[in-house]
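Below is a structure I'd like to ask you about.
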């Protein structure tokens, strides 16, 4: 009940940001997932319901192991729901739809035999983009994540944070309508985190993307998102939706404001009650 | 500076491993030389009966004397091996990829494949000649199929051990089945595929030569059996040397592929 | 008690007396221990002898001549089969070939080059008056090769010849047993080491062997039973094997230089091989064997 | 569970189809029944063999040789493979030898084995080992090179001795590939033993098979080969079962 | 010059915390590391010098790719310095010394064939601890990181954060004198992070450990450490040492204090200048 109520609220309060009206880009209905393991079943997600209108930036926060990554896998069409369904851009999702949905995974999962540049090029190569074009595009993105000097390095020659940045660049190069990001900045220092967050916002605004963003940093969640979904402990449920009414473009100064502090506090309290 | 006593020499310079007293290549060559020497000396001193092992020099001499015969046979065998290899690698590799990556096939068909492989067809080779004949094509068919099985099995095993995260990432980026196979699974499974190439390669060589030995009218295997039943031991061993050359050449080719493909691997940690 | 290690192809007619002698207790009676090793063929037996793993083997003179040329020290000590009874050139039952002359230019299956079957095929070619192609198929490949049409004729040995003739899978084109003169397709060969160091044991083994032959030839019923049980031959084939092969065995081992020479002549058909003086190949120190009864 | 059952059903169906196809082909004359007697006939013959003391005795000898050879080749092959993979020095020196010899038809060396080991069981066992050891060495080398370096690092800082690293990290990580090599190896091993028996022996299936071939006892020949194959398959399957059991951690 | 000066300062200012006097546990002298790659050499660390007295909790912060992980690998004896040397507990370090130095790696690197429990038991098993004892100890630690329910799960059945927690528990179970931790809490939500930070402090105090702790969270660095080393961009150098004079035990309330804020700010500024 609380859930439905807050959801209505969120829908109403969702005024700002460059989102045009229209059917939601992502609609999740009664989504449940149970993992079968040798030691019995684990219910990872329980009856998840939400919608993400086109062009929104939605954050997901919740305790470790609550099912955030599982949810993202399902949204990407990589994991079949045990119950419920997912509608992406008005079509029920049954398999990956790379043009619509792209993922930046929690663990970088770079192809170890490809250089940083080749990894970023990979989605373009898959769809047959011409060599020169994809090279330019990939280089641009490597520049963006600060790794232009490392274009010819193999993943095992990069630091943890560098690998994660390559993975982010790869997600951008795929250029999907909807970008799912699973703690993309976890391995990065605060400075890089801020810079990349701003770059992400720029890309999001410029290309009218929809972003679903898992993070553990509440500051980051408030700074980036239009709305933050708070998930409960296992089995994951959505226990709160917090709309972030801060205006766009966001600036670092906002972080010091009282509203920002309150919003952060609000989410923090939600999580702690789980 | 810490006021602790540390023996300066131990720590000041990074440990330099003292080079072995003999470079490894030299050790290998030395061993080879020892083997060749034994090969020459043992039969000469009649420590082994020369009808079973002929001294190396005699072997080379008689080989050179019948160079024409051997060259012709070598040509035949090489052509057979080449065709059989193409078959074993091509068909075996593709079947291995498919069987290893498509789950129902992997569960239902792969075990059958390895069971069929367990049938010792080579023992029944003379019987098989009724169907496959005795010409060059029969060697190609037999050796091709003989080598195809380990290729299938090794490729499938390699594919199965690929980190699923890679496949997942590629799928989410829109890779088609073929793209997943050739751009993700093949490079990721390469070490195992490589050992498939090696084992299949040797089975092809063995298949061709043994089939020639059992029933044929041409090729190195044919020559070896013929010389053997005529007790022309030096020629037998010259034939063996030629077979070794063929495997050596094949191994060299595989080695090239290996070096190229392994370039990205981190250097192994020594224990 | 000394051991004589005999090598040969198990259940091959001329080698069967070894089994018979064992069954009849003849080795014990003669005062020698025997150990039998099954070799895939004569050439393998010869290698076994060369490796020092057999003392007395069943093979044929040209093979010995070749091996001796490579330094194997061995000598024929007794005749086994004198005429190639049970050996034949066979064709498919519906083959148009009816005369040996028609073999010219045809493919004839043999076991391996340099084997007895090969020399017989060469002999057939000589009779035919033209070249033939010998195709080594291995023992197991002869019949499949013929049936599948990979070769037009095959050179066969007992009891395969009987089996095919009686079973109707193939037809005898030339019965070598009657077409060829005596040429010793089988002899017993001992290593010189045994001949020099354990002549008495060898003599005893030969006594047991030839006594068994004598006994087999004198007791058809017992022998037929042996053939059926030991060699697992069907009754009709066993009968043929007895009549032809067993009865064709020498019961004294007596060696004639002319026979050895005839055999070597066959060997020289293979071309470039120069055959030695027949005398150097055999010794009649041990023959004729005085047989005993079990 | 049900999935396993359905796989089994598919396998049985395929097998049944092959056997039926064989039976029909042979009976209808599509293939020469003299060369390929109907399966029923071969099966009858197999049944007869399996109750014949002579056959079972020989089978027992072969089985013993195979088991001994496998027991010897497993540790030797894995050890050589590990040494060649782990010691850059010995590896660089001797790897080429192994790659070379793998591709040589081993039957050529039978006379040398007779020379060294005589004709008894030890020769068959040694030859079986010789046949199988190379594939196993190659598989072990592949397996050793695929051990993740992070895990080795981890073990080192956790206090593992060299031996513990091999046992706790290398062994489990290598096992699937080593077992795959072992499966290939066992098949090589059996073929090798039978080949050796066919050439020279005092007992064993190989001698029987050779004789059946020589005398064109076709039903016996095929039956004997099938029984040997069943033996191989049994060993193969038990290795696979073991592999599945220890490899459960792989998704 | 700045370096040596600030180092002196740090040595003097290093008063608080339960560290007894004596020779330093870890001394790093002129440490340099150059990685040789197919595309040329990368200087990862340049002339690093510092000392960690016994019982200190030292943090290392710095931008992504500056060489923090490389430094830790060398401190663990897993990577040979190109130049300079490391002295651990009065002996030059040439190889891993597991009784003295333990590591929690940046990437969890659990043994995939062992369950969570078995992974935590691993160091104990290696040193031959009795089965029952090591089980008890491991269970206790799994409980501590909140994974008692997941003891029998294999790593691939755990979420990213769970894997990292297993890895932390394993580091604790090894119980070395000096614990090196490479962003151990990066994949954890803020709540879990705080809890585990406190547990870490408890263990540190109780067992008189020396801890060297890499983190990207400046708040965490200030909250946990006695001293924070700030590293520069590649090639990594130590450009600042900030002593944290907050008293122990630390409490969450301190985070809101002005001193805390200033310290955080001080580190932040140091990093930004790189």
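Every chain is named by a letter (A, B, C, D and E) in the order it is written, and numbering of its residues begins at 1.
Operating definition for what follows: a contact is a pair of C-beta atoms (placed from the backbone, for glycine too) under 8 Å apart; a residue touches a chain by one contact, two chains touch by 3 or more.
For each chain, UniProt lists the protein as follows: A, E = ABC transporter ATP-binding protein; B = ABC transporter permease; D = ABC transporter permease subunit.
None of the values given here were measured: they were computed from a predicted structure.
For chain A and chain D, what is the smallest step count along a path of chains that touch one another?
Counted as steps through touching chains, the separation is 2.
Which other chains touch chain A while also touching chain C?
Chains touching both chain A and chain C: B.
If you tally C-beta pairs in contact for every chain pair, which pair wins? Let me know.
Top-ranked chain pair by contacting C-beta pairs: B-D.
Could you work out which chain's C-alpha centre is the most distant one from the centre of chain E?
That would be chain C.
Any idea how many Å lie between the Cα centroids of chain D and chain E?
50
Can you work out the whole-Å distance between the CA centroids of chain A and chain B?
48
What whole-number Å value describes the gap between the mean CA coordinates of chain B and chain C?
Spacing between the chain centres: roughly 40 Å.
Hey, what residues on chain C touch two or more of the other chains?
47, 50-52, 138-140, 142, 144, 147-148
Would you pick out the residues of chain E that each touch at least 2 other chains?
38, 107, 154
Residues of chain D touching 2+ other chains?
32, 35, 111, 115, 153, 156, 198, 213, 221, 250-251, in rising order.
Would you mind writing out the residues of chain C in touch with chain B in their complex?
Chain C reaches chain B through residues 43, 46-47, 50-52, 63, 66-67, 69-72, 112-115, 133, 135-142, 144-145, 147-148, 150, 270, 273.
Across the complex, what residues on chain D touch chain B?
For chain D paired with chain B, touching residues are 3-4, 6-7, 10-11, 14-15, 31-32, 35, 86, 88-94, 96-97, 99-100, 102-108, 111-112, 115, 134-135, 138-139, 141-142, 145-146, 149, 152-153, 156, 162, 165-166, 176-177, 180-181, 183-184, 187, 190-191, 194-195, 198, 206, 209, 213, 218, 221-222, 225-226, 228-229, 232-233, 235-237, 240, 250-251.
With touch defined as at the start, can you tell me which chain C residues reach chain D in the complex?
Per the stated touch rule, the residues are 7, 9-11, 35-40, 44, 47-48, 50-54, 138-140, 142-144, 147-148, 159-160, 163-164, 169, 232.
For chain D, which residues count as touching chain C in their complex?
Per the touch definition, chain D meets chain C at residues 32, 34-35, 111, 114-115, 118-119, 198-202, 207, 210-217, 221.
Touching residues of chain E toward chain D in the complex: what are they?
73, 76-78, 96, 98-99, 101-103, 105, 107, 109, 111-114, 122-123, 125-127, 154, 156, 170, 174
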